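One chain, chain A, links the two complexes that follow: it is found with chain B in the first and with chain C in the second.
Moving on to the complex of A and B:
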């Protein structure tokens, strides 16, 4: 199979022209997955990057006054040699990355290889809202990292739980690779954030701004033609259409809404749910950027190992994600499809039928095989639960924890590929 | 209840003369708290009863007009010199002190006496008035301590303690300690008796030869272990010689002009120089083993400690002089202990954290403002404070102790 030369992409991604992403009009357009640079694809493909303001040329017309910090330099000489007017710089110069103890400690704590220089790690900590220039922020690294994370998480889930319904799969993707999760991952690494971005800030701190909007790559998909109606009339968008059009979490790609969200940043107050979500986004982008940086400097295998170690090692209880509407009907359809005998619910045991708290243990049998069993306070309740358990045991079938994934074949001297279990599909549409 | 003794009656006009109180004119209303009837305690209103008679304690009276005021006369002479103590106390010997005492009292003219000055208007507030007179700062003026000043007086009474800056050169210390030990041994041996007069004589001698270089070589050349014994002693003849040398420095009483000349000469030869001290030590006549000598005699020990203080400025605590004290031990006491290195210096010298990229060593304390700068918060703080015209560091003169400053008149 053709190897994706993502390293070529990253070289161009890292120096992509700002403002290249543009939103096209009504019809959804597909794009060939090729090695064309981002700038050429941009006119055709719709990303959900919403650049609210033109980030290319920052306002340089008004040089700031010399910053007087008000302290007595004779008594407290400055601790660091900062370049002049460092506070008016949006982010610390890359040379300062070598002096930061926090950065070096983070590098060591994550056991990153020496191939990954401290300057790149410092860049991974600069959010787009702190520094709009893509040469100095982590937006491009975050995009690469996001793609890799989604790829590895997606293939892992698909191979480990081949029968998982699509909406559950989307929820699981979000549970492993969503903003909140990656924010927790970054916090567990001990990444701290600066109070306000600037050139004098310690490079080992995550820098983001809650007031300035910045490019936020949140998804990759197609803009639907009926987007306006979806929003206005609350039309239902099916799972199948989501697989085709929407982003990796099954969410609609809506550049206008993204722009509006970013625009809200300019007049935020401190300390509400919105500001917390901004901080979460910044931390999540930092995690993605670290993965992207690792891929860029160390290659595919270290990046995959990193994703496995930090993201896929987390525990997510998939059985809690299910929500059935008509489990009995679904189970009978499943049995019909699989040529099992039709499911029959049988009361296995009961107690306290006439009391205030009866317990009925119901089992659902297909012929002589018990598909599922559950206890409930009433017969219907117990049957529904038993049907749900039966369905869960079907959907959560797994060949095992250490299942091979397709990216294993990219390694050298990989064993021949044995096909993984591919399911027929879902039983009923959701 | 006990009666208070009655004070001598003041003159009839000596009453508080504030005419603006607006009191009702009453005649002599007298109250004596001590004579309150017992029943008044229970809660009935206690009305002062007008009393006739000779009770002179007044709470308030009507404001008499100026014509009725007589000039106050002072019956006491407030001369505070000690000779004027009342006869009832035992008389002390008058102390011959060079002080000037406050005597006599000068009175400022009262408003009614100023007939010729038409521009005078009595002040209503204290602003801008200068304080004149008073005894609060009498002893702050050096001329009141005598012709030579307070320091000289103290020195003449108490004796000379020693130079302000301690001697630290080891050769100089050795030579001066030897001098001190020799003189102490001489004094312990030769000063007649242990009486106060003998001690005063020794103090005077020491005060006059306090400069280190006076007859140094003669004194230092004496051997303190003449018989080779462990204990430091002087031969009788040597002791007497040294004592005579020292006493020769004291100018006889009455020879004031000669004393001045001698003092000049002494001053010219002050303070042994470290090079000179080193020469003395390096010379062959210097007894190398003199440090092993043991001082056992208590009188000699304490005179030696006193003399060491006068010559070198170092103070040796009495607790260090208990039991047998060798001269070497004394010299060690005078050495400055090596100060332990500061942590910052140790870290720099050992380079303990060099090469560790996750450790940063700063040359000074990291203040909370430095932490704010590293996190980028400081520029926000300064910007907001500048916008509101507030001081960035400090309180801008608005500290909490403003009432204290008012009371102190600042």
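Moving on to the complex of A and C:
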């Protein structure tokens, strides 16, 4: 069965009513009823053959029937009273936010304070692709929320893992605050999306469009002068220059590609990776917008508590993110820099050396202290793993799980601040 | 399992080969448990007498001032150099000059805000000394996050600039009005990145004398701009902000950003 295309319906309906697009509220209602029954029926998906036989025009003059949604209102009375011209609006008017059960349930489920009105929460669910007007969509809310989320995740990582290498820090940031993660967060809240945006959808549904471009939430970052060559020849953009040029995840800022991606139309029947990424981005922006809305109405502390509860409470195993090229050399350089004794690998125990599955347990020692230990199927393998374990134990040093972060000092009567350990940097062992 | 008891020549040789390759060092390396060379971080005032009072042993030098001996290579390079004059570049080594820069940037208490090691680390780019003395990349990343949030907040709490009356909504709708949402809507006209753009930050850095103090290695000393001076200066500014936040907390860092950076950029 072909997938329903609601925007094609509304397009046909608008065509069927000559002058309907430009009609204003003061125009007489007779103009709206100039369609012929036959053309209306052609646009309607009839439920049964009997319905096609006798199409009927709804009774005129009743205020409830002033919107057209393609159904026969005599047969299917509308479930709720929609304001006039609701279907022609890109997003539900703010007044409808007070009547939505889904929205109120979301507000209660997230334990949002009373200070955050339902209308703002409804605005946080409207993506820029659904409604281009920045007074009605969540783009500015999502921008503020993104800055907040990135700051709190960043300060948490800086204080909890003071020695984390820069590329791992970027990956961890993406793991906590990237599109996919925030999409999962929004889904776990029970946010559902409308099949297509419009003024008649429930305000408690996330609204985004797969067919229209929306504004991307921009953060800090500039387009590099050598962008063309970066793309064409797959040049490497250095980690230290990413601080200034690239976004908070260390990815290249490419406004042209973004615009082109957002402008692509999707006509697939079931959706593909691209439509999935659009949906993920919309959900992620919704999460950011909720944080931004909370900050706007309730202030800094509730927003910080919200980010810690929903985003920083997630578990990310940083030890899986490492990938070393020459671990033994890197460990040797680390010991040289920190003025430890040169590392020496020693075989601690072994079994099955001449069998099919030997196991060698190798420890790497600096003087009398063991830096790292690992088991492997061959001596070289075990030594490499032991060196990697030693390096991970250095880079993943943490003062503890419950560390104080700099923004704790913004609270009233905060205890005096103890300086965080600032590491010189990782070993460049590539 | 117990290790293999019989030590043949082959296993002894392979054991020797298993040691990580490291040239023989004339100076005995310190044990792990002993304190490493002391940092000059506890006292912010430099005392030359204390550093020279080391008796007979190697002089206690601050970590920022020298490359670790065992990280140095053989002393020559087989890499063919196209233009040998580009290998010559001198960086600042005078703590007084650095303190003067911090004084100009952060005010009279500027040189005392950070420990010595951190003061030098914040202005050291990754290109300096092959990254062997540390670099400011992490601090700069955190500093940019701080600056981004603080500039957004600044836009939100500043009075809205008088702008043309907004064009009415094409559907004739009225947005939901709330005093708090007025702050959000200010972001439609002003973006944080326009206020703290990299060009403006570079100008501020030149005003406080940062180019003479940053430690880096430009690819082409005859053309610093093409070698990335903008990036290095921006990184150093971000790193100073990040270091202040980690050293003193967010309240002090916010104050510094507002008073010393945003105000000077005319925000």
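The definition used in the following text is that the second predicted complex is superposed on the first by the 345 of 430 C-alpha atoms of A that agree within 3 Å, B and C clash if a C-alpha of one lies under 4 Å from a C-alpha of the other, contacts with A are read in each partner's own complex, and residues count from 1 in each chain.
Keep in mind that, in the parts below, contacts are C-beta pairs under 8 Å (C-beta built on N, C-alpha and C of every residue); 3 or more make two chains touch, one makes a residue touch a chain.
Remember, it's a predicted structure, so these values are computed and weren't measured experimentally.
Using the contact criterion defined above for the overlaid structures, shared-chain residue A:241 touches chain C, although it does not reach chain B. In the superposition on chain A, no contact is made by A:311 with either chain B or chain C. Touch criterion met: A:105 reaches chain B, while chain C stays clear of it.
Shared-chain residue A:207: touches chain B; no touch with chain C.
Once the two complexes are laid over each other on the shared chain, residue contacts for A:147 go to chain C alone; chain B is not touched. Look at A:121: by the touch rule set out above, it reaches neither chain B nor chain C. After overlaying the two complexes on the shared chain, residue contacts for A:70 are found with chain B alone; chain C is out of touch. Measured by the number of chain A residues touched, the leading partner among chain B and chain C is C. The residues of chain C lying in touch with chain A in their complex are 1-4, 14-15, 18-22, 25, 29-33, 36-37, 63, 68, 70-71, 118, 121, 125-127, 130-135, 137-142, 144-146, 148-149, 152, 156, 166, 169-176, 178, 180-181, 183-185, 187-188, 191-193, 198, 228, 230-231, 234-235, 238, 242-243, 245-254. Across the complex, chain A is touched by residues 357-360, 362-364, 366-367, 369-370, 372-380, 382, 385, 392-393 of chain B. For chain A in complex with chain B, the residues that touch the partner chain are 67-72, 76-77, 79, 87, 99, 101-102, 104-105, 108, 194-198, 200-202, 205, 207.
Against chain C, in their complex, chain A makes its touches with residues 24-25, 85, 88-90, 93-94, 97, 117, 119-120, 123, 133-136, 140-141, 143-144, 147-148, 150-151, 154-155, 158-159, 164, 166, 169, 218-222, 239-241, 243-245, 248, 292, 296-297, 328-329, 331-333, 336-345, 347-351, 353, 366-369, 379, 383, 406-410, 414, 417, 419-420, 422-425, 428.
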